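In what follows, structures are represented as structure tokens.
Two complexes follow with chain A in common, the first pairing it with chain B and the second with chain C.
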Partner chain A sequence: MAPVGAPDGFLAGPRRAVPREVILMVAIIAVGTLFATQSEFFLTERNLVTVLRNSVDLAVICAGMTLIIIMGGIDVSVGGILAVSAIFIGHSYKAGLPDEVVVPIGIGVATMLGALNGVIVAKARVPPIIATLGTMYVFIAVLFLVIGGTWIHGLPDTLSFLIRGEFVGIPAGVFIIGCVYGCCWVLLRWQAWGRHLCAIGCDEGSARLVGINIDRVKIQAYALTGALAGIAAVLYVARLRNVEVNIGTNIALEAIAATVLGGADIRGGTGSLIGALMGVIFIKLVQNGLVLIGVSSLWETVVIGGLLIIVLTLDALETRRSGRPT
Partner chain B sequence: MPALRMSRIVKRFGGILALDGVDFEVNPGEVMALVGDNGAGKSTLIKILAGAYQADAGTITLDGAPVEFKSPQDAWNRGIATIYQELALTGKMMIPDNIFLGRELKRRVFGVSFLDRRAMRERTKQLLSSLDVQVPSLDVWVELLSGGQRQGIAISRALNIDAELIVMDEPTAALAVAEVRKVLQFIRRLREQGKSVILISHNLQDVFAVSDRITVLRQGRRAGVRETRHTTPEEIIGLITWASTAEDDQETPFEGLGAA
Partner chain C sequence: MNERRLRDPLRRRLLYLLGLWAACLITSSLISPHFLQPSTLPFLLQYVPILGLLGLGQTLVMLAGGPGIDLSVGASLSLSGLAMAWLFSLGVDIYIACLAGIVLGALLGSVNGILITVLGIPSLMATLATMFGFGGLALALTGGTPIGGIPDSFAWLGQGRTLSIPNHFWVLFVPIAIMLHVLLAHTAIGSHIYAAGNDERAAYLLGVKVRRLRFGLYALNGVLAAIGAAMMLSWFQAARPDAGRGMELLSVTIAVLGGTHIFGGLGRVSGTVVAIMIVATLQVGLQLANISHAWQLGVIGTLLVGSVVLDNLGTLKRLRAG
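Presenting the complex of A and B:
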């Protein structure tokens, strides 16, 4: 897929002898085969379409996470943004507003929260992991203050075509994912903005010396990730038609894991949108398979966290072996 | 190239006074060497000229007209290109991406501007071959290239800006003998084309080989300016290290200023 020397951005860079996308493909086939032997339901069309429907919001957020990690940042608050945005969507529906108003409200709120992250990271120079951890707790507090431990439920189903719909036999989610990843790819590889994003992740000092407006790119990138979390909130509400208190809890971990599994360097500079998407598919298949073979859902996060640590360790070992400075 | 004049430049980093009222000027078509000990403030001075840092005080004029460089783009637009000591390359990006970083070529398709990758590749090939820089492929991360190749890419980037004044901060530090000779040759070629060059180097042999004049910085102040033909390495070393305190600095008439 990606020969040595492949252009960076969409596929992972030329560092690896075997591209991460190939490894992930093999891994997906391997776990797929494993689960298929354990549960005859696993490989049915119905199950796979369900997996896809459950993956769309994570996939959308993961595109933003990939851009952020390529920029050398991280955003652990995406779940909080998703939650707050979903609350705004829920209450807007309850207030009787139509889709045309509700959707822009949800995405707009999320974009502003993302931009807030960006401003804290860029202007106050707070390390992104700390800044977004802080805002995460603020967002979660908002969630509890507003919905106070109850669900917002009984929301209209006017948007459920986004999840359940089909076009020429292909589920709607495929088109949504295609759109989001296509746009991000164009941004990353065919716009100067994407080159500046990579440059900041590679070496912020160099980026500054060639006159890149670092603060602006950072704020825009976090705002974009917020917007994608807002789209994910719309999809979440469209899918479940309620807003529950534990919304968005694990999505940051899952998105970071998928991005890193997909070949992004957690220290910034490189990453692969296709790889991240395959990481999402891998994680969602594993979660689904574990449920089907009757493993407690508690193990899901253990498996994902463990995978993240294994991949990061292997990356670190590879770096040390090749003698490249960290 | 208009005459460049930097006057009374002051720059602080927290408690460190990196530049303490430095004067510096370059005449049209001359190679001005800038020398001084580690930490004397050479890189800081040229980063202010490049628009990468903002001076705390002082002025810059081109042909007598004051200019303000708020960003590297401002300096480029006035024909000043800088090759930084740290090269300012991004390791995990390809060669054309690096050469055009911050000033990408674009092409409009349906009213939206996209990167013109093909044009950037073509121009990159031209630049590299005009400098005789050999690379295995354009699609390699620059961090995988040798010091000389990276230097070549940084020089190509500066060359790609249609500059009248090229600033080189330690361009030969990482290079083998043959490559050093190439860089010096290149500096001479720039001067033949009527361009001005600022060369920062610790290697006085290189400095004496190509420069017209030499400015010495010492601890954030100008210790003196000499015409290369009329000075000796010993005198320059003396100025760099304090040894010659007899005649200093700021009062020295700027010999040769009006001459060109």
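Presenting the complex of A and C:
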């Protein structure tokens, strides 16, 4: 899928000579081949399913991050939302509530927190990076205050089918990712709302002049990202069955990295859901492969940073060659 | 005259920050009997210079516009500190090692500068990428273990005190803060920085070399981070690969709290310095009162968002008043 915004021509967006998805596919195949030649365990079904299970929560968060970045915003507080939502889920379980109540509580809380971000950004006109940085501190503070240095552990495993389950031989994670990305794709491509999102990302002033209710779209987009972080929290609890203090610390920056790897422009207006998903897969494959071939996992951030620099540089060179002002 | 001075948004901001700091001091002394002791002062000022240099660097980068931000300062601090300790362990004199570390800091800053000003990558993404890169290198090259063995003779900078104020506060922080203030307020370069931050096109047409200026500021930011690393090296007598973790966001917080506009063109050294003191007072006050670290994060986050909201309200009011 080409990046949203590019194919119709009326929305500005870099027309890349080589689509970002192709670059990412080459990168994934390259690291995959490298790891496969170094470790016979890498290409086994069991390992790949493990990678998939570990990447579901990041993938879900990335879908929301893509929408936000297309809108020209950013949300560094998703890790905090995930953490607070996970606490609510954990304590609800401890209070003996059933799944049917716990899951809506978790997602509902996360949606409210996301909407709070949206209100601060849209109504109080705080730049999104500052607004979400501030709320991230507050959310992390809530996490520390509630959890106080101990883990919530021993949560029931009634939800683990979301991670470990299979349907006609396909892991459940595929369906979850498919559902989330499918819904976001429909929103983005087939709904006026998605067009409004792109329009705001391209030129907020013009979007306002043509009558788009910018504040409402922004609040809805941040709330949706919050809801997705809530789903990620449910998946996190389902996978690990505990809530620990450092939950969600790196996930926001990883999500931004994956989204930008996938072709989103941080200046807004351009982004690709498929690309973001491939970015997630690349990051998780590198994390997994480095461990398998016996290289310290500490190198993983170097690889992610290096690839980010490469794709950003390629983009910059191409923009310059095609003569668009920077 | 006096009325016009009060209308200056930055002056009002400074007064408001000073009031906030006074409130922090009063609250801290109320909640903890240990706070109003002479021994608190060096404790309070111990951490200020390191965070302070990063906050000042961030202020400069933001002021020049673009919009400018540098998320890689924490990683640059870790990496250049490790380089200093590693060179010393090879037998290089500690001061020469520090100098080499500062040169490395300038190089790391220049990498950001090239990505942002030459290639035109948005600063947020470029420095996020180098944050991953530099921070990852710091962890990977050392395997995550600190490099220690810094001699006691170098500890005078970070551990010694003169008039019960830490030496690195006197020797490095105060002169650098004054130099940066003079640079911003009384030199042509300072005016160019404000001009570039306010309207880069107009500044360019008037002959300001906007890209070169911003490149220089990113390099300067790397240097400031490396000087912070030298202070930390002297304080802990070891270099940790994760020494600067979290500092990038804290330095952005300080700069914005101090009144620097995130899109550039508005801000002063004085505001940033008071913001650093507020953050440090909060840290020490809550620590002495034995209140959870979490409250500190919560207060900082609320202050950060609240300060920008208040700014916006003030701007709206002025616009309505005509």
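The working rule: the second predicted complex is superposed on the first by the 302 of 326 C-alpha atoms of A that agree within 3 Å, B and C clash if a C-alpha of one lies under 4 Å from a C-alpha of the other, contacts with A are read in each partner's own complex, and residues count from 1 in each chain.
In the analysis below, a residue touches a chain if its C-beta (ideal position, glycine included) is under 8 Å from a C-beta of that chain, and two chains touch if they have at least 3 such contacts.
Remember, it's a predicted structure, so these values are computed and weren't measured experimentally.
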Touch check for A:Arg164: first (chain B), second (chain C), both, or neither? neither
Name the contact category of A:Arg195: first (chain B only), second (chain C only), both, or neither. first
Of the two partner chains, chain B (first) and chain C (second), which one does A:His91 touch, if any: first, second, both, or neither? neither
Is chain A touched at more residues by chain B or by chain C? C
After lining up the shared chain so the two structures overlap, which partner does A:Gly211 touch, if you call chain B first and chain C second: first, second, both or neither? first
Could you look at A:Thr301 and tell me whether it touches chain B, chain C, both or neither (first, second, both, neither)? second
Chain B - residues contacting chain A, complex: 47, 50-52, 71-73, 76, 84, 86-94, 97, 101-104, 106, 113-115, 117, 137, 139-141, 143
Can you list the chain A residues touching chain C in their complex? 74, 120, 124-127, 129-131, 133-138, 140-145, 148, 253, 256-257, 260, 266-267, 296, 298-306, 308-309, 312-313, 315-317, 319-320, 326
Can you check the complex and tell me which residues of chain A touch chain B? 5-8, 13-15, 186, 189-192, 195-196, 198-199, 201-203, 205-212, 265, 269-270, 324
Contacts from chain C onto chain A in the complex sit at residues 69, 115, 119-122, 124-126, 128-137, 139-140, 143-144, 249, 252-253, 256, 262-263, 292-298, 300-302, 304-305, 308-309, 312
